[in-house]
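Common to both upcoming complexes is subunit A, partnered first by subunit B, then by subunit C.
== the complex of A and B ==
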């Protein structure tokens, strides 16, 4: 199908288009020059008075896999309150608000104009499960990040200083389980949690079983990441997450990777949870200015904010001891803990962020401070760490806060007053422009993921993933409620050249691809040697056979390998 | 005449597993499952010898079973394998949980002059249907002649939730000639998969089964479903994730109910997790680290034969090198085979697991228990177990349907999860349900990610709803709520309580299964399918949630399609009939 999108205000930061009126052509699933489209036979979409952007890209949202599914299991109450009905031939049904099932994940992202979403934490042994869920999510393109920081092969190689072998293992692993980038969660903590320890693990604490520190794991895996020329940097949930005073650990983590090479070498994820000042919860203050200062003066770091949204959430993370601690802090007495042999652990606790809580109100400020104080929009991504800070469906509200000081002030009216005194947010005047919104929700995450050739822009040859919002850039962009409405229900979403959303409603169910990375950076001999070593120990360490660990491409609905380093 | 009041417990046995895999229409199946195990003391008190028939009476019915001597001691308790026979005396009441009480039932047992009826007679007597099993008996599928020998390694066994993936299968001329490393039941499943096979789709016409083409069978089946106001789609735990996905799509399209066998095994476990959460670990984590293993109401030596060697009591792990490094505790109502190898055996009174767990939670917190004994267990023993638990470095509880099927159900499970959560204040403790069918964990998982609920999902309003008190197989059938059923890879008539089974026999039923099973005898349409994990590849989930790829090691019999293919055809036909 050919599509011509006529007369919209186009925001395409990668190509430097800042709201000019342009026509966009779509042919065979790709963007083409508008002049190449035959207007008589093409589907013409009148976008005059509307905003046209590339499809949204979310680089951190827990949408699939074992822990997400346990989250669903744990929360029938979350499913009774939210559902979508099936329309035969058009859309499938589903349920869930903070832990939605596959259909609402795909549809609700698409209705907001998002078309690519990454699952950021998958234990390798359970990644077949992750892929099976990703296969069933409609519309979106996807990928998943394997958890590697407590993997025995990684710890063993790094503790012996065998960084090259560690790299070979990682290259093998990514290909074997079809993963995209390296995820570190409270680096090293799962290994300690196997012994019931690990809460508060700091950068230079030793993990006795391997005689290694989180600092060594992070720097080691950062080197590995660069050796393999992986498209995304290491993706790090820093140590001491969710513990007052942790902003120093976050600063130290970023400092530890200075001089590791050109460009961005670490992505600090959901940094809000790691930007806390104060000695205890009642004394919680924002550490965001310090984190933002550091990011502003160093170009090797990118962050996503992990904004909290007032209301219900389901916290789920591979930071198992943190969840166990949270279990004791919340009145909703549900806790699902889980451990995966050789690799990882996790925990899930339902949670509610309350406006009247000092802590939650300060947390709310911190996320926005990060987004507003970090100057370079190419390195700060608004996320809610779905569903930890709140569901991704709250992005339109988050965007309105970024774009409007008035919207933020309205929130201050309703939340705990102490928060105002403990943060600098009330003094920040910055308001994002639509162009900056297009950067932080599309162009920048695509670029950070190394997908900028095909995602996050509207230049010729890009995947035809397009969002059209019913918003007048001049007038509408000043009214928070209009912003929320426009981003909540896109006028039109196009995925791979097909109209999947029209007038805010699902028009068609399609299924997207799953990206994974094959690194050819290392020599074949080394790769073979390490594969043999892995095979040798596999039997002793795991309870499944080596050959059954490997996920075949045929198990993925639309596999899309990204070959690097060759 | 002498009679005894005993507590009836029904459950799984190795023989029942092996004979079930071979074929349920054979006399050998009846021989092995229409039995009741009685303690020698109780046999003496009744004055009957092993091998004699006894009449078993409960508030819900009576049936004649053959008395046999129990291997372990359990005076006061009568044990019977799950079967169409013993189901006749089981109540359909589920107390809102969806789970009938299969265990801890008050029963009166007395000697009788009557004999154990055959399956044909049982179906006639209880379901009012005439079937000639000799006509329906399957046939052995012959293989190709000669041919190369091929050893296929790392095959995943499609029998139980252990999903052992190290099995080696020797294939010659397209036939499995040898199975290595698998347990008795797993081997039987591979070696007997060609025996007693039903090869032709059947449709009942004027009360008689008639061989029809696949097209006709699909058409008939689709008509039954499309014309139904409210169909039930049940089974799903012995087939692939891929087939489950299509089943859910079909339920959504039909506006019916889809339920998997979880509702009659670990349904209460799911409800317990919904209530309070869980503490899980993969089996390797337990094998590598657990110095305390507790089997609670689970019977691994009869239901999960390689579990002890591969994952638990006897397994060699990275830090725990085997049995000598571990303490093993068994909590059960009877002395199971595993109890004999345990360091500590705790005999709990049937149906009183909840009380024992509560007492243990008190003991773990060092609270005073005022009673001298709880649930038949002396308080000193409870404190001893609490101390063993608290001082373990890494403890794991493997609980089975002995807990889930007892009165208390999800309340009991919530309590045992709370016990394990409590223990994490002192040490590491996890628990793992001993799931039965090889992919019942997968059926729950795929149902969760597509509907938000693990089992018992209703689509009447075109979106998923869940309430175990309404939309589970036993409730729906015993209340007469559904007007047609599609049964895939399961045999509910062999396992459901009397009223539910009776009502299933009253509605049009479509059965899709590799073998002509007990449910098929009352079906309107029977469509033979291939075995997932033997003749068809697909994904399945181990009891701890690890997903594995099942292999295809031999071709299915000619003309026999997979569940996936059959369901795709059904979907297409139903769409056509419904004009969608």
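== the complex of A and C ==
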């Protein structure tokens, strides 16, 4: 199918297009020059007076996997009143708000104009489940990051100083379970949690069973990441998340990786939860200015903010001790926790962010401070860490806060007044332009993921993932309500050359690819040697057979390997 | 003049008809009522496709009266969120009858299925047959004060398990027997069971009172005997005893706010509790 998008204001940061009126052609799922499209036979979309952007890219959203499913089971009340109807041949049905079932995830993202979403935490043993769910998420392209920080193989190799062998193991693992990048959640904490400890594990505390510190794990895995030439840097959820005073740990983590190489070597995820100052919860203050200063003066770090949105959320993370502590702090008395043998542990707690709460209001300020104080939009991504900070469906509201000081002031009138005094947010005048929004929601995440050749831009040869919003860049971009409305229901979303959303409604159900990485940076002898070692120890450590661990390509609906380092 | 709904044929699959409520019908013409959406299984149908609709609707919610002639025991969510008016069902009704209801009355001549008056906030429900489980109960997964908040439910037959699960306020009266776990996790309100109870009354209750006039196999270990009282009172009605009065459940709250009245003559096997009472 050929499509011609005529007369829209195009925002395409990777190619430097800043809201100029351009035509865009789509042919065979790729973007081509508009002149190559025959206007008579193609489907023409009139985008005059509308904004045309590449399809959105979300690099951190818990959309699939074992823990998401446990979240769904834990929260039936989340599914009573929110549901989407099935329309035979067009879309499937589903329910859920903070823990939606698979179909609504794809539809709701597509409806907002997002087309690529990454599941950021999947224990390798449970990744078969993750892929089964990713397969069933309609429309989106996706990938998953395996959790490696508490994996016994990794800890064993790193504690012996065998970084090369560790790299070979990681290369084997990514290929075996079809993962995309390395995720570290509170490095080392799951290993301690299996002994019932681990809350507040700091960067230089030793993990007794392996005699290794989180600092060594992070630097070791960063070296591995560089060695394997993986497209994304290590994706780190820093130590001591959600504990007041943890901003120093975050700074130390970033400092530990200075001089590791060119470009970005660490992605600090949901940094809001890691930028707390103060000795205890009532005295919580924002550490965002310090974090932002550091990020501004060093170019090896990228962050996503993990903004909280007032209202319901379901916190789910592989940081099990923190979830256990959170369970005791919340009035909602239920939680779920689980441990994955050899690899990881996780916990789930339903949560509600309240406007009147000092802590929640300060958290709200911290997220926005990070987004507004970090000057380089290519290194700060607005996310809600769905569903930890709030559901991804509230991105339009987050975008309106970034784009309009007025919108932020409206919120300040409703939230706890103490938070306003403790925050520098009221003094920040910066407002994102539409071009910067296109960077932070599209171009920058695509670039950080190493997908910038095919995602996040509208140049020739890119995948035809396009979002068209009914918003006038001159007038509408100043009115927060108009911004929310435009981004909530995209006028049109095109995925791989197919129109999937028209007038804010799902028009078609398609299925996207699953990306994974094959690294060929290491020699075959080393790979074979390590694979033999893993096979041997697998029998001792796991309760399942080695052959059942490996996920075949045939189990993935549309696999898309990305070969690096060859 | 009421609006009369008559099922055109017996239902084969569950029907989701939350639109059958005075709030939806008030001020609408018969044609408009007939075109309201319902789900039959997974398919969207019109109310008029499933029911013959007669009568003349009133303009306000309070004056609206809905009469359903015939069995609608596969039709769920009738009277959801209704705030006034009345519904009379001359037959049996399905799940979630009067869920989240805030006012008005519902009268059922036959039986009802589970979740009758779930999380209701006001109004009256009267059932002449039997009821299923979770009468006035809290929906699954919800925590805190989310059960029945107010209102009055009277069942002339028997009820299933977990009557008044998590209820906060209001009254439930059951003339017949009750299944296990009446008043589980309840925080307030009153439950009167005139018949026998299958057991485990008041599990994890932290407030409110349960009166059981029939036989109860045993009292849960989280309860302490407090007294023997001659009478119990529910909604201005004095019930002749004597009753054993237990307080609990100690597992839910150390304050033991819940009260359990067990009819003494019907339960001779509980006599050993009297030895535990302090004699003045």
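Here is the rule we go by: the second predicted complex is superposed on the first by the 566 of 566 C-alpha atoms of A that agree within 3 Å, B and C clash if a C-alpha of one lies under 4 Å from a C-alpha of the other, contacts with A are read in each partner's own complex, and residues count from 1 in each chain.
What we mean here is this: a contact is a pair of C-beta atoms (placed from the backbone, for glycine too) under 8 Å apart; a residue touches a chain by one contact, two chains touch by 3 or more.
As the structure is a computational prediction, the values presented were derived from the model and not from experiment.
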| item | value |
| --- | --- |
| Contacts of A:201 with subunit B and subunit C, given as first, second, both or neither | neither |
| Subunit B versus subunit C as contact partner of A:136, first or second or both or neither | first |
| Touching partner for A:331 - first (subunit B), second (subunit C), both, neither | second |
| Touched partner set for A:83, first subunit B, second subunit C, both or neither | first |
| Which superposed partner A:264 touches (first subunit B, second subunit C, both, neither) | neither |
| Subunit B versus subunit C as contact partner of A:103, first or second or both or neither | first |
| Partner chain in contact with A:320 - subunit B first, subunit C second, else both or neither | neither |
| Subunit B versus subunit C as contact partner of A:192, first or second or both or neither | neither |
| Partner, of subunit C and subunit B, that touches more residues belonging to subunit A | B |
| Where subunit A meets both subunit C and subunit B, residue numbers | 74-76, 78, 80, 85-86, 93, 333-334 |
| Touch list for subunit B against partner subunit A, complex | 153-154, 156, 165-166, 241, 245, 249, 252-253, 270, 273-285, 287-289, 310-311, 318, 393-394, 421, 424, 427-428, 430, 444-446, 448-454, 459, 461-466, 539, 541, 545-549, 575, 578, 580 |
| Partner subunit C, residues of subunit A touching it in the complex | 74-78, 80, 85-86, 93, 331-334 |
| Interface residues, subunit C side, partner subunit A - complex | 42, 44, 139-144 |
| Residue ranges of subunit A touching subunit B (in the complex, touch as defined) | 64, 66, 68-70, 72-76, 78-80, 83-89, 92-96, 99-103, 125-126, 128-129, 132-133, 136, 194-196, 324, 327, 333-342, 348-349, 540-545, 547-548, 551-552, 555 |
